[in-house]
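Look for chain A in each of the two complexes below; its partner is chain B in the first and chain C in the second.
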Partner chain A sequence: MARYVLRRALQSLYAVLMLLLIVFAMTRLTGDPTNQYLPLSASPQARADFAALHGFNDPYYVQFIHYVSDLAHGDFGQSLFKQRPAMEVALEAFPITLTLAFFTMSIALVLSIVLGSLAAMRPNGLFDRMISPLTIFTASAPTFWVALVAIFVFAMMLGWVPTSGMGTPVHWILPVCVLVLTPLGVLTQVVRSSMVSSLSAPYAKTALAKGASDARVVFVHALRNSLLPLITIAGVQATGLVNGAVVIETIFGFPGIGKVMIDSIRDRDFSLTIACILLAAVVVYAMNVAIDIMYARLDPRVQIGGEARR
Partner chain B sequence: MRQMLGRLVHDKAALVAALYLLAVVVVALVAPLIVDASLMRSNLRLRHLPPLHFDHGWWYVLGGDALGRSMLARLVVAARTTLAISFATVSLSLVIGAAIGLVAGLSNAWWSTAIMRAIDVLMSIPSLLLAMVVLFVIGASPPVVVMILTVTRIPIFARTARGQALEIRERPFVSASRVMGASSLHLLVRHMAPLALPTLFSVAALEFAQVMLAESTLTFLGIGVQPPDVTWGLMVSDGQRYLATAWWSALWPGLVIASIALAATILGNWFQVANDPVLRARSARKSRVPAAESKVASNA
Partner chain C sequence: MLSKTPLLEIDNLVVDFETPGGTFNAVRGISLCLEQGGSHAIIGESGSGKSVTASAIMSLIDSPPGHVCGGDIRFQGRSILSMPRAERRRLYGRHIAMVFQDPAAHLNPVYPVGWQIAEVCRIHGRPAGEAKRSAIALMDRVGIGDAARRYHAFPHQFSGGQRQRIMIAMAMALRPELLIADEPTTALDVTVQAQILELIRELQQENGSALLLITHDLGVAADIARTVSVMRRGEFVEEGTIADVFVAPRHSYTQKLLEARTSSRPQVTTADAEVLLEVKDVSIDYGSVRAVSDVSLQLRHNEVLCVVGESGSGKSTIANAILRLREITSGSICYRGADIHKLGRAELDAYHRAVQAVFQDPFGSLNPRMSVFDIICEPWSIQRSVLPKSEWRQRSVELMESVGLTAGDLGKYPSEFSGGQRQRIAIARALALQSEIIVCDEAVSALDMTVQGQIISLLQEIRARMGVALLFITHDLTLVRNFADRVIVMKAGEIVEQGSTEDVFSNPKHGYTKMLLAACPVPDPVVQQERRNAAKVASGGNQGAHALARGA
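Presenting the complex of A and B:
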């Protein structure tokens, strides 16, 4: 077990390093960053000083080693716009995004299990016919547009909730409801289809024949086996939640990591962008490792440490 | 082909989706012929003209935008850019991904494993984050958007193609061909590719929806396509500012994005079922089972 966790962590580290290399190459190969950071009116002397200060005159590999060693010392550079260490800004914003993601994922998981199971109990029944098209729709509607429509209807026309900002719990209702739609749609489809096949498996029929109620067969016997695909896809969706959070935070004015990321791009605040991206990537990888471990614990058939486990 | 059309007519939802997509593509293709230049010029008297009135002619049935341009005409023009970007992205990633996947699936050599490991890493990088860095540094224009979206989509096609190749290469007729001395290239082009294509096409249809959503999102956030180019995502972003006074300027383009993504998803799911005899038999017996597995692949 420990060896498996270690191996997965190493794989993730490798992926993060690749991302780092890509980010680094992008920032350096497209030209001297001096021109990006200093105003047009800067004197040649100021440019030379700036380049010397940040070591832009060194060969690329030397720059990369400096860059990585700074990172290893926990130095993510200064945010030029906020005049503070970049990681500090990023870490301040992160809990908000995590809370948003936590509520969204919990609601999506619970609701998708209930809705998917109910739809699978009577395939092609009335409920299934209503739910299935709806799930395809919520999974294919663009999040940013749904958010705008929701603001228009629920905040502007009906005035039930505030349009943006945060502070009271009421401010969280609309963002979470909008963000939950995509994962909910996808996960409900997954639960439904895996539940349909679980329910037609011999063990489900045996349970029914022995007199178990429908609900018991669905939620006790079949659910456990239907959980596996759900967990895999929930992991993928949770990664996608990073994308969704960027959109939702921008629209609803949440000072989370997504908002910070987009603002830093608009302000050309490069070290802050990279700090946010690395933070988000590390969390995503950590989550994927956690999901794989959970997967193995839930399904004894999965050989931990084995090859080709997907 | 004829057989496929016959099956399409039997599935009402897929038929409607196909006709809708066809109509949108035709409109996008003939856009320069039907959209008069005057409709794209600003006309402040028609600023935020409310929709669903015919007082100013057909073109203003969906209302006017913040500069008094016809919403409908803008939608039609934006259809060209939006669809072209999505189509180019999906085609490129299909060709490159399929080539990588098939070649990797044909061989057991170390480089085949190395390629797939690299693909895994690429897949695990959150796509929006990668796109942000690239667009931030290189600057946004449609070709760059296509490039970056292609890179993020290649892994899905490569993995699908490799899975197919691994299965197909063990079939007797491929072994027979190999034993008779066929070259790897021959095996790849004549035997593997034709059999892998239907699956790849259905993935492509599902990917089309995802790519369009990704492009719209990037553009909406202001880091994708920039004016004067116009896509539906950009129109929603423009309309966002006038949500309180002119709700229609954000509503229509988003509705178009959603409906096309929906149609492409339905068609992709249908194509998958129609091409797979096992799924087809199941769906004939137990009615339609939305192919959630495919959704899964496309969201990865």
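Presenting the complex of A and C:
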């Protein structure tokens, strides 16, 4: 297991380096920050000094080599805009996004398991017919639109919750509720369909033949088998939450990684953009490894790192 | 004689299934009475309603679409059908238990087997520690070695025979009064089948349970049951003791079932015919495992050569190598003297025309999105030179008629046919290129007995009419007897015996062939009893049987 994690970490390292190369090139394509940071009236000399100070005059490959060699020493560069180490700024914002994603995913998982299981117990029954169209709606409604409507209705018309910002627990309600909709819809559909097939699987009949109660068949025998597809899709959704934070954090003025990233791009704050993206990438890779390990824990037939449980 | 309540009474049971095409009467008013400790078999082909009957007793009918709409099932005098659900649950697992056909699917893949056995005890109120101890004892009893350690193993880590032992341990855990076994050995090899039947019989005697056996295999019924009902289209057409029914069947359907296996074989002499295919010292490795080692065989013109062996014997691997679906590690395969691995493009096309295949699974081997016409014409669209497109229609009609289907079936899709009909389509496709050799890899294993008989007759007829040679791969010795010219017996990747069919059957030389022949139950209770005793003596009594069992 430790070997597997190590091997995946090395693979990820390679992928992160490739990502770094691409992101680095793309930030440079947005233009020279000098024009943005110095006033229009700045003298050519001042411009040249600024560019020289930050290395913007060097060829891109020299800039890249400098960046990577700094990186090797644990230096992610300075945020131009905030005048602080870029990683420090990113690390400050990231826990907020992670907390948001964590609450969202926890609520989505618990609710989808309950709703999906109930819908699967009687396919095409009353509950199923009520739930299924709803899940399709929540899964397909665009988050930014739902967010704007939610702010309009609940914050502006009804005044139940603040429109934006972060301070009190009340500030979290609206963003979490809006974010939870997509994963909830998708995951409920996944649970429902895999639960339907698990419940009609032969082993469910064996359980009934043993005298097991319906609840035992559903929550012991079928659920464990249905969790496998759920985890796969939940992983994709969780990754999407971290990446999709850009939109929702901007709308709700939430100072998470998404907002920091957007601001840094607007400010041509190259080091900060790269730091944010690298951080998000590492978390996504870690999540993938965690999902693989969880998968192998739940399904004894799955082997990780070539070590079968025999 | 004292009149007492029978253990199980089925009284005029009717089960219907609602289908888009209307109501399907699966069970039409059957009645059955099973005494304490009795053993009764329900025999019939697939779709006869025998498994539905078993499901009805266990309340396992999928509803919708199925529902019991008449009659009653009583256990120890109490109606199961009108019992509250909670009360019924106390019955299942504790007093009535069931062993299913496919143990691989019926065990939950994500829980350890020991846990699953112990679960029965826990559900019925035993404390966890005691449940675990008795699960280990049961695993030991059914012949799973090293039970304390294997308790924690998962279903996929066991062989098919072992999984069925685990299912049996689960069913017998609380010494139920009634054990229902639905095709318990159908998915297993013949020698494993013999061990499992022996195990069921032993446990039944130890616990004094009654047995209700559902099977399509008359030999299995003769081996283990004392009374029998023959089921057809939802009705019992004949009932009685095994001895009466099997020795002197009254109903024509029973007679047909019994005859299905004993059709006569037309004599064709092929001993000095031209050698079409020669397999020489072929070995095939799967990674580090040697699946086939140094196998040599010859297939002559118009000959039926049967390769018999249990799963894992390498028989299908050989077939795949001949079809060039699998590379060989060493040795050579020659078609009319030319090594098939050294053929040029055009010669290879010719080889593929000469050798065609019919596979085991008639559901998987026909593309569900292609019409029958497209399926049969596909060989011609690949091998362009064989037949001009203008003649496709005419020729496909001829082919359909030669396999007993009609021109009208050409526009249909595979899902509209039964298993037997699909296998006919596969045969028609194999005949499309006027091949010299047809490789049949377990081509009838998935079919019912009477359908098996029909397909075998069709193959015999085609062989006589078109002069093709058949390489027939099977695990079923009884099929081979009336069909093959020569037989090859394979075990663990090697040929252990080969010779003319008469020689192999009347005078088997290798111990394994003898064991295969002995393990195969025959549909005659007296003969089967003698064979069973003989096998017991041969294997050194019970101890030997247990030792054998552990290896399964």
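In this section, the second predicted complex is superposed on the first by the 262 of 310 C-alpha atoms of A that agree within 3 Å, B and C clash if a C-alpha of one lies under 4 Å from a C-alpha of the other, contacts with A are read in each partner's own complex, and residues count from 1 in each chain.
Throughout what follows, a contact is a pair of C-beta atoms (placed from the backbone, for glycine too) under 8 Å apart; a residue touches a chain by one contact, two chains touch by 3 or more.
If you're wondering where the values come from, they're calculated on a predicted model, not measured in any experiment.
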Item to check | chain B versus chain C as contact partner of A:S213, first or second or both or neither | outcome: second
Checklist entry - Of the two partner chains, chain B (first) and chain C (second), which one does A:D70 touch, if any: first, second, both, or neither? => result neither
Item to check | Partner chain in contact with A:K205 - chain B first, chain C second, else both or neither | outcome: second
Next on the checklist: Quick one: is A:E92 in contact with chain B, with chain C, with both, or with neither? Answer first, second, both or neither.
Outcome noted: neither
Next on the checklist: In the superposed model, which partner reaches more residues of chain A, chain B or chain C?
Outcome noted: B
Checklist outcome for this item: Check: chain A residues flagged as touching chain B and also chain C none
Checklist entry - Which chain B residues qualify as touching chain A in the complex? => result 13, 121, 124-130, 132-134, 136-138, 209, 213, 216-217, 220-223, 233, 236, 239-240, 243-244, 247, 250-251, 253-255, 257-258, 261-262, 264-266, 269, 286-293, 295-296, 299-300
Next on the checklist: If we count contacts the way the header does, which residues on chain A are in touch with chain B in the complex?
Outcome noted: 12, 14-15, 18-19, 22-23, 26-27, 30, 123-124, 132-133, 135-137, 139-146, 148-149, 151-152, 156, 186, 189-190, 192-194, 196, 229, 232-233, 236-237, 239-240, 242-243, 246-247, 250-251, 261-262, 265-266, 270, 273-274, 277, 280-281, 284-285, 288
Checklist outcome for this item: Within their complex, chain A touches chain C through residues 200-203, 205-213, 216, 221, 224-225, 298-301, 309-310
Checklist outcome for this item: Per the touch rule, the chain C residues reaching chain A in their complex are 58-60, 62, 89-94, 97-98, 100, 102, 105-111, 119-120, 123-124, 154, 156-157, 167, 170
